[in-house]
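You will see two complexes here that share subunit A, one where it goes with subunit B and one where it goes with subunit C.
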Partner chain A sequence: MKVMSGNEAVALAVKLARVGVVGIYPITPQTTIIEELAEMRARGELSADIVRVESEHSAMAVTLGAAVSGVRSFTATSSQGLLYMHEMVWWTSGSRAPLVMVVATRAVGAPWNIWNENTDFMSERDSGWIMAFASTPQEALDLTLQAFRISEDPRVFLPVMVGMDGFILSHTKTNVFIPSQEDVDNFIPPRRQPYVIDPETKESMGNIFPPIYYMKFRQSIHEAITNSEEVIKEVGREYNKISPLGDYGTLNVSYKLDDADYAVVTMGAWSLDAMEAVDKLRENGLNVGLYRVRYIRPWSEKEIRENLGDKRAILVVDRATSLGRGGPLYLELKSTLNIPIKGVVTGLGGVSVGKRDFYSLISRFVEEARYSEVGGVEWYYPGEVKEVELGTPRTAH
Partner chain B sequence: MALGNNVALIVVAGCSSVIQGMGPKNSYGYPALNIAFAAGSAAASGMWRAFKQRNKDVTVVVWAGDGGTADIGFASLSGAAERNENFIYVCVDNEAYMNSGGQRSGSTPHGAVTPTTPEGKKENKKELLFLMLDHHVPYAATASVGYPHDLMDKLRRAKTIEGFRYLQVLTPDPYGWLFDPSRTAEVGKLAVQTCYWPLLEVVNGRVQVSNESLHCLRKETRRPLRDFLSVQGRYKRLNDQDYKELESYVDYTWDRILKLMRT
Partner chain C sequence: MSLEYQVFPVSTPAEGAGGKTGNWRTVRPVVTDRCIGCNACFLWCPEGTIGVVGRKAKVYYEYCKGCGVCANVCPVKAIEMVMEQ
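Entry: the complex of A and B
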């Protein structure tokens, strides 16, 4: 065990995974991952070649260029950086290039905002990547290590994106169990990938195909994502053997759900605050539980139906939003379950939401759900905000 | 051919993405990674390092048009050149976005009519070679398809050098420049003979003007620029002032080369 931040835990995972090439470009709050990797390289602890590129678009392109040429590669980014590399994010999954990227989440401008929000990460959910989201620095390390193995599994062969809450996880230090190098070497087999650029094979990638093959190719990615569920569980079970704290036998995590009438659904670090609120509510006689989404892609309809399908109603709390619609988790759950679902959008741009807020949100929700049909999306502001004045720039004064 | 074996290509968006034929193989005889416009130089940076990690002696070559080089791909090109990444960058310069229909690029010359400059381009061609030299690259050169042996010599030489190597090849485009396709090589020669397109090579800062361009060093021995311009339909709207502008552009280019030779 060692006390470390989420960013330090990720850098350590990259080292343990014996990555060959890392494309680096700084952006808050991800920066200390790549600084730590550069430090490790300077100290001679890391054999990876570090490419200090001039933009995130290039960071993803370097990482892709190395991956298709046969080497395990990694990059990390946040917010504007993720949006700037958006084109290459899609090119990477389209190339079926196994590689790993960590996203320390952050709000997207304008206006400028460096604080935590998950909208950047969630906006890539159509891009064809496997997408996992951590809730502790420990999980950031664990999911990053598992990401390399999942990505390079022949049943998957897709890039994997691991998200974690900016600052709240990236910069907060907790105890982290570190598996031994030997265990990790046994856990992650030597690199496997579908296509390798090599003068010996003269393989060509990315050139034009007739429409029907293009569409079949897209379908194969779709199926690889849906079929990856079993691979992820298998990899998780293997990982549990090298990490005594591991709970990776399922994609998502349930907490006190079995006998619960109502459930709250969350993702990421504040799930732990929500768990404390659940404990407190249960003490006060409310029969509630929590479901934490760990994998956005694949989206495990099966697990979700099994865990939430019998609930009277559920409350989905998103730290992200699809403007004009609602939180992405809320929208995904609406398309999965046929039970009353209410959505809450909160915590955007670093608005601080704690266990008291979860307590009041959940208790109010249960009260509503008992006596009426719940639904729709609420924009929630924490307790100290008494009144919110909304206005367009034209009407604001 | 001139590049020999053990080569991997990166082809950025452009005509070359199409003419290689349909996947999964291509007609180039080399493995190729096709990639989006702005990503060529960065992908090459990752690729050569991957080959190094695998202990493989492979020359990585980026093949890009002037749009992918001068404009949308310039940031990643500049980044890779400044980092002295170990690959060859070939800019196939046909002086417009030819694959999307010939619209003006940063490399289109003054006066040229294109679908987006129907009145003729008002600005001068971007000085890519000089820009690359300002990145302190170990090798930068120009060539023309009018002189294929010179082009092959330069590719061969580039292959023996380590670090970032830049080669810009003028490739007259009959459909964009508006001349009969049978005259492509001739137009490529005229560009050099009229000194519009200088052939030279800069190895570690040392400038060597190629034989085909030696006559350009003195103004009096240059062939009149009109011989190059008059064979192309894209200059049909050229007035006397435009002509003077282009002539002074040629003078300026050669003055700069002469200055480089003296330093």
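Entry: the complex of A and C
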């Protein structure tokens, strides 16, 4: 056990996975991941090549180039950086290149904001990556290690993106269990990948596909993502053997759901606040439980139906939004379940939402759901900011 | 689990829907004796139509479109671009 931040935990996972190339470009709040990796390299603990580039677009290009040439590779980014990288994010999944990226989430400008929000991460959900989201620094380390193995599995052969809440996880220190190098070496087999671009062969990538071949090709990525569900569970069960805190036999996580009439659905760090709220609400006689989404791609319809299908109504709390519609988790759940679902968008741009807010949101929701048909999307402002008027920070004061 | 659904986007030069693309060319790269076989042309060629065979670069004229990237990146200026007749 060691006390470390989410970013330190990720850097350590990358080192334990024996990565060969890291493409780096700084952006808050991800920067300390790559700083830590560069320091490990300087201390001689890491043999990877650290490639400094001039943009996130190039960071992913370098990481992709290394991956297709046969090297285990890694990069990390946030917010504007992820958006700038967007084109290469799609090239990477389209190239079927196994590699891993961590996204420390952050709001997207304009207006300028460096605080936590998951919209940057969620906006890549159509890109053909496997996408996991951590709720603690421990899980950031665990999911990053598992990501390398999932990515390099022949049934998958796709890049994996691991998200974590900026600052709340990336910069907050907790106890983290670190598996031994020997255990990790046994857990992650030598690199496998679908093809290697090598001057000795005459194969090339980046070619044009006529319409019918293109469509069939995109379908093969779709099938690889749906088939990855079994791989993720299998890899998770293997990982449980080397980590005593492991609970990775399922994609998503249930908390006190079995006998619950109502459920709240969350993703990421604030799920732990929501769990405390659920405990308190149960003490006060409300029969509620929590479902934490850990993988948004693949989206496990089966697990979700099994765990939430019999609930009277569910409340989905998103720290992201598809403007004009609602939170991405809310929209996904609406398309999965045939029960009353209410969405809440909150916590954008770093607005602080704690267990008291979850307590009040959930208790109010249960009251509503008991006597009426719930639905729609609410923009929720926690108690102390409820009264802030619309305006710029200058005009509002 | 059958892996039949897995397809990967790599290819080697072959006749595609556009036919043999060598006839698009107006200038042709000609490799001279100065070639040192360093593979720079192979790494940069956008079409995969040049590569070192033995100790010297060889152009696959059936598909080379004559863009001239190889001549530009050659560190010893061993490739000359010659007008097609």
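Criterion: the second predicted complex is superposed on the first by the 386 of 397 C-alpha atoms of A that agree within 3 Å, B and C clash if a C-alpha of one lies under 4 Å from a C-alpha of the other, contacts with A are read in each partner's own complex, and residues count from 1 in each chain.
The rule we apply is simple: contacts are C-beta pairs under 8 Å (C-beta built on N, C-alpha and C of every residue); 3 or more make two chains touch, one makes a residue touch a chain.
Computed from a predicted structure; not experimentally measured.
With the two complexes overlaid on their shared chain, look at subunit A and say whether subunit B and subunit C clash or fit.
clash
On subunit A, which partner's contacts cover more residues, subunit B's or subunit C's?
Subunit A has more residues touched by B than by the other partner.
Check whether A:Glu87 is in contact with subunit B, with subunit C, with both or with neither, and answer first, second, both or neither.
Only subunit B is touched by A:Glu87; subunit C is not.
Scan A:Val71 for contacts with subunit B and subunit C and give back first, second, both or neither.
The answer is first: A:Val71 touches subunit B but not subunit C.
Thinking of the overlay built on chain A, is A:Lys202 touched by subunit B (first), by subunit C (second), by both, or by neither?
both
Considering only the touch criterion stated at the top, classify A:Ser58 as touching first (subunit B), second (subunit C), both, or neither.
The first partner, subunit B, only.
Figure out whether A:Asn284 sits in contact with subunit B (first) or subunit C (second), or with both, or with neither.
neither
Please indicate which partner A:Pro210 is in contact with in the superposed arrangement: first for subunit B, second for subunit C, both, or neither.
both
Touch check for A:Asn338: first (subunit B), second (subunit C), both, or neither?
Neither subunit B nor subunit C is touched by A:Asn338.
What is the contact status of A:Asn227 with respect to subunit B (first) and subunit C (second): first, second, both, or neither?
Second partner only.
Of the listed stretches 40-48, 148-156 or 202-210, mark the one in subunit B with C-alpha atoms clashing against subunit C.
148-156
Output the subunit A positions appearing in both contact lists, the one against subunit B and the one against subunit C.
Overlap of subunit B and subunit C footprints on subunit A: residues 197, 199, 202-210.
Please name which positions on subunit A make contact with subunit B in the complex.
20-21, 23, 49, 51-55, 57-71, 73, 87-88, 91, 197-199, 201-210
For subunit B, which residues count as touching subunit A in their complex?
5-8, 10-11, 17-18, 20-26, 29-36, 38-47, 49-54, 56, 58, 75-76, 78-79, 82-83
Please output the residues of subunit A touching subunit C within their complex, sorted ascending.
My answer: residues 94-96, 154-155, 157, 194-195, 197, 199, 202-210, 216-217, 219-220, 223-224, 227, 230.
Report the residues of subunit C in contact with subunit A in the complex, numbered from low to high.
For this pair, the touching residues of subunit C are 1, 3, 5-13, 16-17, 39, 42-43, 47-48, 51-52.
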